[in-house]
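Chain nomenclature is as follows: A, B, C and D, assigned in order of appearance, with residue numbering initiated at 1 for each chain independently.
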Amino acid sequence: MTDFRGVFPILPTPFLPDESVDIGSFRTMIERMVGLCVDGVTILGVLGEANRLTDRERTDLVDAAVQTADGRIPVVVGTSHSGTRAATELAASAKRQGADAVMVTPHKEPVPSERRIFDHFRAVAAATDLPIVLQDHPGSTEVHMSVELVLDMVKEIPTIACIKQEALPSPPRIAALKAGLSRDVPILTGLGALYGGFELAAGADGFMTGFAFPEILKAMVAASVDDAWRIYAKHLPLIVFENQPGVAIRKEIFRRRGLIAHSVVRAPGTGISPTAALQLDDLLERTFGARNLCERLTP
Amino acid sequence: MTDFRGVFPILPTPFLPDESVDIGSFRTMIERMVGLCVDGVTILGVLGEANRLTDRERTDLVDAAVQTADGRIPVVVGTSHSGTRAATELAASAKRQGADAVMVTPHKEPVPSERRIFDHFRAVAAATDLPIVLQDHPGSTEVHMSVELVLDMVKEIPTIACIKQEALPSPPRIAALKAGLSRDVPILTGLGALYGGFELAAGADGFMTGFAFPEILKAMVAASVDDAWRIYAKHLPLIVFENQPGVAIRKEIFRRRGLIAHSVVRAPGTGISPTAALQLDDLLERTFGARNLCERLTP
Amino acid sequence: MTDFRGVFPILPTPFLPDESVDIGSFRTMIERMVGLCVDGVTILGVLGEANRLTDRERTDLVDAAVQTADGRIPVVVGTSHSGTRAATELAASAKRQGADAVMVTPHKEPVPSERRIFDHFRAVAAATDLPIVLQDHPGSTEVHMSVELVLDMVKEIPTIACIKQEALPSPPRIAALKAGLSRDVPILTGLGALYGGFELAAGADGFMTGFAFPEILKAMVAASVDDAWRIYAKHLPLIVFENQPGVAIRKEIFRRRGLIAHSVVRAPGTGISPTAALQLDDLLERTFGARNLCERLTP
Amino acid sequence: MTDFRGVFPILPTPFLPDESVDIGSFRTMIERMVGLCVDGVTILGVLGEANRLTDRERTDLVDAAVQTADGRIPVVVGTSHSGTRAATELAASAKRQGADAVMVTPHKEPVPSERRIFDHFRAVAAATDLPIVLQDHPGSTEVHMSVELVLDMVKEIPTIACIKQEALPSPPRIAALKAGLSRDVPILTGLGALYGGFELAAGADGFMTGFAFPEILKAMVAASVDDAWRIYAKHLPLIVFENQPGVAIRKEIFRRRGLIAHSVVRAPGTGISPTAALQLDDLLERTFGARNLCERLTP
């Protein structure tokens, strides 16, 4: 069973210029992630533009990821859905397709109810024995779960194997979760690693996020406190730049790294702006001393 | 081509007690709508719990509706999607399956942009020659389109065949649309007919909504101004009661009318509360003098 | 001490054509409310455009209301504020000015916290011994309080003297509150009386709302179940029409009734639309058989 | 007349332990800002907890700021209000009190309307000849203004003297504004300087933001491109840390710098968490090599 410590990049979904799924690039990217020795990959999250995909496309992407990973690294599949039954079906389907875990968020309802969020996770857990990554990201879900709710769900639902903690402010929340957890469930942080240095210091066990340089995050996780800080500080301009809304900048970096063929974003999302493209040139030069990321960063 | 005047009920999606789709009830309900002589039916809207369905289930429901309607009444299919490409695929699929029109809403994006909403509708229109019902329902979409945007889209996109106007306050908005339209596009109102009497008076051409008694709306549309008013006023308690959030009350009325077998709502939505069930008994008695709606209301 | 049963109209704040406060009209309106034998009046709520007023104007309005009411009917003052300290000051000031009760809502914060809502009400209660009307209106506050939180606050804070229940769906919520209350705290309903018939049936003790005909609500509260229903049903078109967003329609009815001199709404709010003004003529005629409301309805 | 280029810190409002306004600290802080040679100060913004203040407190703070600044640096006063008339009164009052400019945001209304936002700014401009800082910060206002609207308002309203640009993503937006401006209106950036390096590169004229070290921002603005980058990169961990939601961390830094006596935050806001306090110790040590900021940073 997957140990959710370390670095689990959230992967984008590559598209061809006509916005159809580029399965070839997707496989290449997974293969490259294996090469980068990440601890696992997560597909079909926000960066994966999961909300722009059809179910058929999702299924194909899961198949491609599982086949390419081929047991070398675990594949976590985002299976969130606005309906509980569909969420359970997506989770069961992920299991059948060979996924190693599912990532699940609560869905915003007109009248918020922690009880119903609990029921939602219970239902998913009943539908599959796959480990569940409980994602808490109010920034995208608009759902605010109390620390108590998260702790209670961890206590009652044994297959919750990881908390992807992205509620703000995150360091004190990580500390509160760590203090309250009834069993040793890893806490991974996200938010593009924006607060990564502070989150590790507060007890986070690693990263599950879309920052386009997972090897940098791996180095942080493996390093001493002081070295982790230095790595974080050195790359923070890049982290901040990537953190601008939308997925275009990250996809463009993935493209420049040779991980995907095109940085196409599905409408109504938008591609990288001319301003951002120019600033990215400059930023990469300043950060790495070279724009040829493919050459520079291939492990 | 469908003339969008009259009454186009939005239909619920019936489920069995285990929350699986009850295709049998769905066919029965469509057949009964034909019997009620409605001007068409709309499936896979908010009342249809479209956001709780998998794509496979959506496809099956479209097939069942088209087959059952069998050309006797037009079938409008909700094909809204958070991604433009998926929305075009759903529209093209609806066409292939024999649907008569598609209903499309814009999707809320982090940075609102009327230009991108326009692009979204352009893309859908380019993907199918089916008539498009442009749904404007900020209450569910959280997207606010200006009257100018709606008018511009109607002007440029010839396949927009109907405006489902549910932005508030609706009567002045209907008047503004009527005054500004460059061609004769029908305006249907929704919102469970809550403001129906005032909307008809302001120029609406009928209803596309989930109120569980479409024959009452038909009577309103067909009536003189004074009679329409009387029908509206008489049934307003029922309209208001149904207008409470959620789909449970409507599904329960559909069940009592014998249109569907179960009033099951998919989680995390909730079924009818005991309080509402009791009040519904009383309300139906007061409105129709009998609780056996099946007997009383079968046309 | 005020018994919060019966009808407590929420009053608008009248403005002169230059949008300055029209204290003369305000006094007239209070006087007329005394004449209508309402059980109290509530000022500085949403209908009172409280969020468009300066503190100075608020103070003047409280003074005018207290002086005019002169002990004949209780004056409830909306003292909600986004800051707890300011809320306590407004409550203390209301007390000094002679108000009979304060009405308080929670304020939306970036991270929702029921504990901090509780602290907010505790602080207000510590600052004044005035009775507190706990307003629960997610429609305007975007704050969703659980039934448990409301019950706990009632239990711990003895000066909470009334729950103004406007969370949806309201009848089952009223039933749940009634079932759970640790002491006999009246529940008043609002929402313009939209669901008034159903809310009374579920156990509500009356109305605290802006519907422009409080005498109709009084008649409902005093009537037998069947008569209450008839009164509700008869006036529901008016209730629904008034329920359109904004305060313009209500202010216009207040004006036509001779309660205020002008129906001016403070910007960026908007006055009554031409469509609504025309429909109001027709609606009043249909409801009362006369447009001269002043003559027709003066008690 | 103020030239809005350079660095205009947004100042917090200091409170005593009982949450009353600490005017003494406020004066000290203003005095210290003069000493830091900032280009002006802005009070009563979000960091100033303006939404927790009474009008009386606001007036006192404006008086104290104007008196202490005493013409040595311009004082910009946040005068946003949910009502247009109150906003004009606040602006006129700021003028009478000797403020040098007002900062104004649009207010979120149930139905968004760019026309009414325009009217709001027109009304403020008509009420005072003070320069207006047009603040565009959807993160706090939930109002999204199009670039076209901002450009149109600048074109028509001559007293708009500065755009405080905080809509995301900001660098391309700054570029678009710069390209479209009909006259030379400075664009200042905010957001705690999170994207400051990228915003300056895109053409921003400086900062109007709450980052607790304005001298660092001044150094950035004065530096060559490469040096500005180095300064930005060096302090980015601090910028990011401060950027966590809430005002507590910034107030604590102000306190440690000796600028204010207490870091008290008004409820329902919260003070600094133990986790954040500890991390701040470490961060300041890493950034400046000393925790005694007062000694270290006094100019």
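Everything that follows uses one rule, which is that a contact is a pair of C-beta atoms (placed from the backbone, for glycine too) under 8 Å apart; a residue touches a chain by one contact, two chains touch by 3 or more.
Since we're looking at a predicted model, the values are computed, not measured.
Chain centres computed from CA atoms place A at the largest separation from chain C.
Residues touching across the chain B-chain C interface largely coincide between the two copies, over half of the numbers being common to both. Averaging C-alpha coordinates per chain places the centre of chain B 47 Å away from that of chain D. In whole angstrom, the spacing between the mean C-alpha positions of chain A and chain D is 34.
In terms of their C-alpha centroids, the spacing between chain A and chain B amounts to 37 Å.
Counting partners per residue, chain C has 110-111, 113, 168, 245-246 as the residues that reach two or more other chains.
The touching residues of chain D, counted against chain A in their complex, run 168-172, 175, 194-195, 197-198, 201-202, 229, 232-233, 236-237, 240-241, 244-246, 273-276, 279, 282, 286.
Contacts from chain B toward chain D in the complex involve residues 110-113, 138, 144, 146, 167-168.
Chain A meets chain B in the complex at residues 19-20, 49, 51-56, 81-86, 89-90, 107, 109-111, 113, 116-117, 119-120, 123, 245-246, 266-270.
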